[in-house]
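Alright, structures below, take your time with them.
First chain A sits with chain B, and in the next complex the same chain sits with chain C.
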Partner chain A sequence: MKILMLEFYKIKRRKIGLTMAAYLIAQFLWGLWALHDPTPQAQAQGFLSLLYYISVLDAVMVPPIMAVLASRLADIEHKGCMYKQLKTLRGSGSLFHAKAVCGLLIITVMFAAQYALFILLGYMVGYQGHPDAAHYILSYGLKLASNSVLFLLQLMLSMLIANQMVPLVTGLCGSLLALLLTLVRTYSFLPWGGNLSGTLVTMAWNDDTQNAVFSYRLYSPVELAAVGMIFMWLVIFYAAGRILFSHREN
Partner chain B sequence: MKTQNLIETTDLTKQYGKTLCVDSLHMQVPQGAIYGFLGPNGAGKSTTLKMILGLAKPTTGSITLFGSPLKEKNRIRLLSATGSLIESPSYYGHLTGEENLHILQTLKGCPKEDIDRVLCIVRLEEARKKKVSHYSLGMKQRLGLASALLGFPKLLILDEPTNGLDPAGIQEMRELICTLPAEYGITVVVSSHLLGEIDQMADHVGIIRKGRLVFQDTMAKLHTHATQQIALRTGRPAETLSLLRRSGLEVTKEDDYLLIPMTDDNRIAALCRQLCEQNIPLYRIEKRENSLEDIFLALTGKETSL
Partner chain C sequence: MHTHLMRTIKAERLKLKRSPVWLAFFALPVLSAFFGTNNYLANQGVLQNEWFSLWSQHSLFLCSFFMPALIGTFCSYLWRLEHLRTNWNSFLTTPVPLLCLYLGKLVQAAKMIVLGNGWIFFLYFLCGRLCGLDASFPPQALEWFLCGTLGGIVICCVQLALSMVIRSFAIPIGISLVGGIGGLLAGSQGLGLFYPYSLYSFGMRANNPQMEIDGKVFVLSCVFYVVLFCRLSVAGLQRHAR
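Let's look at the complex of A and B:
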């Protein structure tokens, strides 16, 4: 707990909150611009469609955001050669754990704020009804898990490699890969496909009405396996990060 | 009574790939000493100190700290009584000096008052609210020392602490290190590639060359190796040699010179008189000093800057 509190103390003046807020504001402004004039059909399934939009947007945009977050948390030690000092005071595993928990708490708050903003957006553009609480909570949980995977992957890279360009480029490549995946299919076993695998809503295009039709997704066994893979990646990246960081010599 | 060694290494070896950085090192640091760890750049000083601090894993060999074998399980407990400054000072540039010390003070679990004390010792009180990224290199180095001093540990390991300091800063750092054993009961291990620096600070010395410890003892013992000789060059060296030997002197030849141990002025005068009496032309008579530098250079293979 003491080390976790110090992690938050250390990131003073790092403007991590500002980075996260900028991302959420950009998404919110995009939402206002793209969804401000909904058709009656769009109004009817508005809150359902929002779950789909959030997932697609995050699939493409979150990998570099997670790379930035992990880098902001980890590079403060690289810059000042602090790891060697800290490793004489605490076990390497606990240092990785504290950073991981700190980052995960930040993204928990960030995605909660994202859902709150999108719900607000829904009401602002005049969607009918209310968001389905159960689906929104489940969607939030899956989103948190799939993006925690990306964060832990990025944190592992950022703590192991002093040159932060490597993890940042990994984040950008992940973003491009996710963009490609969104065009191909709705699930993936790759770490960057978690946002797609965890989407609770699918979209079908109706050529006759020229409208998008949103519906809750019926998971096939392979899609369910892809969701399960998200949790596998969580365990794999946490364990790998902790073990590799512990064995890294300074 | 035998003095306890705070650090003892046995056959300590570190190999990176095919490169042997530290080779069967037997290091012994007595309690209360200022142990100068001396060697040329790349001799294995930092690697050794990193192994002692658990930052690098020995390939073979063992380390005993405060009388207990250093293992991964007890590493943090043993190191809690240790302060260190390895290679370059460690700091968070975006935080102030005081905030940096607050982090380490919390981790070390020492009293908050220690922050004021160590800032006072390293004379950084006025810069305590300044971001460390705005500090000069010397100030960062002093902050590094302040961090190491937090909690006033029993053992302080300083790796080239005067790197990057100006002459006044170097002098100040030396004076500070020299006071630590007497004032705070701290045993200090200080590494350097500069003999003069270690000579001014340390009472014990270990000299490392290509990963091997080539000398380890007190500074006083090292000084005894610093001998003086008289060098003679004459017109008839063979006759001079026999004359000197007849006089009971131990003579060694070096190029055109004959070297005899340093002796008193009267004996030198007598020798000169004897040479004149036998018509042996005396071309030169010189005092030769086998200084501490010479010994160091001989031990380290002349691979250092003095």
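Let's look at the complex of A and C:
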């Protein structure tokens, strides 16, 4: 707990959530611009479609955001060449654990704010009804898990590699890969495909009415396995990061 | 002045020597070309404008989203050494004018834009031929290349200014990322020629190869931003030196 508090102390006044806040605001403004004049059908399916849009947007945009967050958390020690010294004061595993928990708490708040903003957006543009609480909570949980995977991967890279260009470019490449995956299929076993596997809503294009039709997704066994893989990645990246960081010579 | 500039360019080149930074400019366009070509081949029923259609798929996300972030990464890397330990003191006490110190970095960034764009167009040509496009390579590509390079240099100037002021490596990259998304919004509102992050995608005619842009306004806008951010950066360096 003390180490965790120290992590928060280190990021005090560093405006660590600035990039994420800017991303959420940009996303909200985009939503206002793109969805401000819905058709009657879009109004009826509005809150359902928002679950789809959130996932697709995040699949492409979030990997570099996670890279920035992880890099900001890890670069204080790199700049001061402090890792070696910190390891003499406390276990290196607990240092990794504290940074991971600190980052995970930040992204928990970030995605809660995102869902709140999107629900607000739905009411602002006049969607009918209310969001389905159970599906929104489930979607939030899956989003948190899939983006925690990306964060832990990026944190591991940022803590292991002093040159922060490498993890940040990895985040960018991950983003492009996610974009590619978005076009190929609706699930993926790769870490960057978690947002796709966790999308609870599918979209089908109706040629006759020229409208998008949204519906809740029926998961096949393979798709369920892809969802399970998100949690596998969580364990793998946490364990790998902790072990590799503990064995790293600084 | 000329000798000073050449010396700073050489010094910046030395700082980048054996750094894997070029790898990102190599890898991302390859991924984008792969994805764009696949998309083009999968949707040939709709995309019937041969080279133009292929270009729209190649440049769709690369120019508006990934390149600004990649340029941001490179510019952060260019200032990385200065932000380490007491290197600012050594940097600012170098016996060359501050403008030359800044231009040394800008030249390296511009060089990377030229090489990166060259690579993007080479991949475009290669993928087109592999897809079996028999028509001749569009001559407009030269204009896209030149305008894209100019637009890319504008992003370099903005990012160099940000990375100089902000000590963190990651924040300027985050800003470039959000700036790129903002560029999509600005472009859709018809303000693309006045927003620095969308000038690159406008210059490259990303997603819309047959788009007509006002060349004079484009060049004036680019020159305005380049001069503005160069002056701001040099003023920032002067403040640092005091």
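Annotations for the structure displayed:
The rule is simple: the second predicted complex is superposed on the first by the 250 of 250 C-alpha atoms of A that agree within 3 Å, B and C clash if a C-alpha of one lies under 4 Å from a C-alpha of the other, contacts with A are read in each partner's own complex, and residues count from 1 in each chain.
The rule we apply is simple: a contact is a pair of C-beta atoms (placed from the backbone, for glycine too) under 8 Å apart; a residue touches a chain by one contact, two chains touch by 3 or more.
Everything numeric here is computed off the predicted structure, so don't read it as measured data.
Of the two partner chains placed by superposition, A:I137 touches none, neither chain B nor chain C. In the superposition on chain A, A:L120 contacts neither chain B nor chain C. In the superposed model, A:A112 lies in contact with neither chain B nor chain C. Once the two structures are superposed, chain B and chain C can be ranked by residues of chain A touched, with C on top. In the superposition on chain A, A:W30 makes contact with chain C only, while chain B stays out of contact range. Look at A:P64: by the touch rule set out above, it reaches chain C but stays clear of chain B. Contacts of A:L180 after superposition: chain C is touched, whereas chain B is not reached.
In the superposition on chain A, contact is made by A:D75 with chain C only, not with chain B. Once chain A of one complex is fitted onto chain A of the other, the partner contacts of A:K87 are limited to chain B, with no touch recorded for chain C. Judged by the document's definition of touching, chain A residues 14, 79 lie at the interface with chain B and also at the interface with chain C. Listing the residues of chain A that touch chain B in their complex gives 2-3, 6, 9-10, 12-14, 76, 79-82, 84-91, 249-250. On chain A, the positions that touch chain C within their shared complex are 14, 18-19, 22-23, 26, 29-30, 33, 60-61, 64-65, 67-68, 71-72, 75, 79, 163-166, 168-169, 172-173, 175-177, 179-180, 183.
Of all the residues in chain C, the ones that touch chain A in their complex are 20-21, 23-24, 27-28, 31-32, 34-35, 38-39, 61, 65-66, 69-70, 73, 76-77, 80, 83-84, 168-171, 173-175, 177-178, 181-182, 184-185, 188-189. Residue ranges of chain B in contact with chain A, taken from their complex: 50, 53-57, 76, 79-80, 82, 84, 86-95, 99, 102-104, 106-108, 132, 147.
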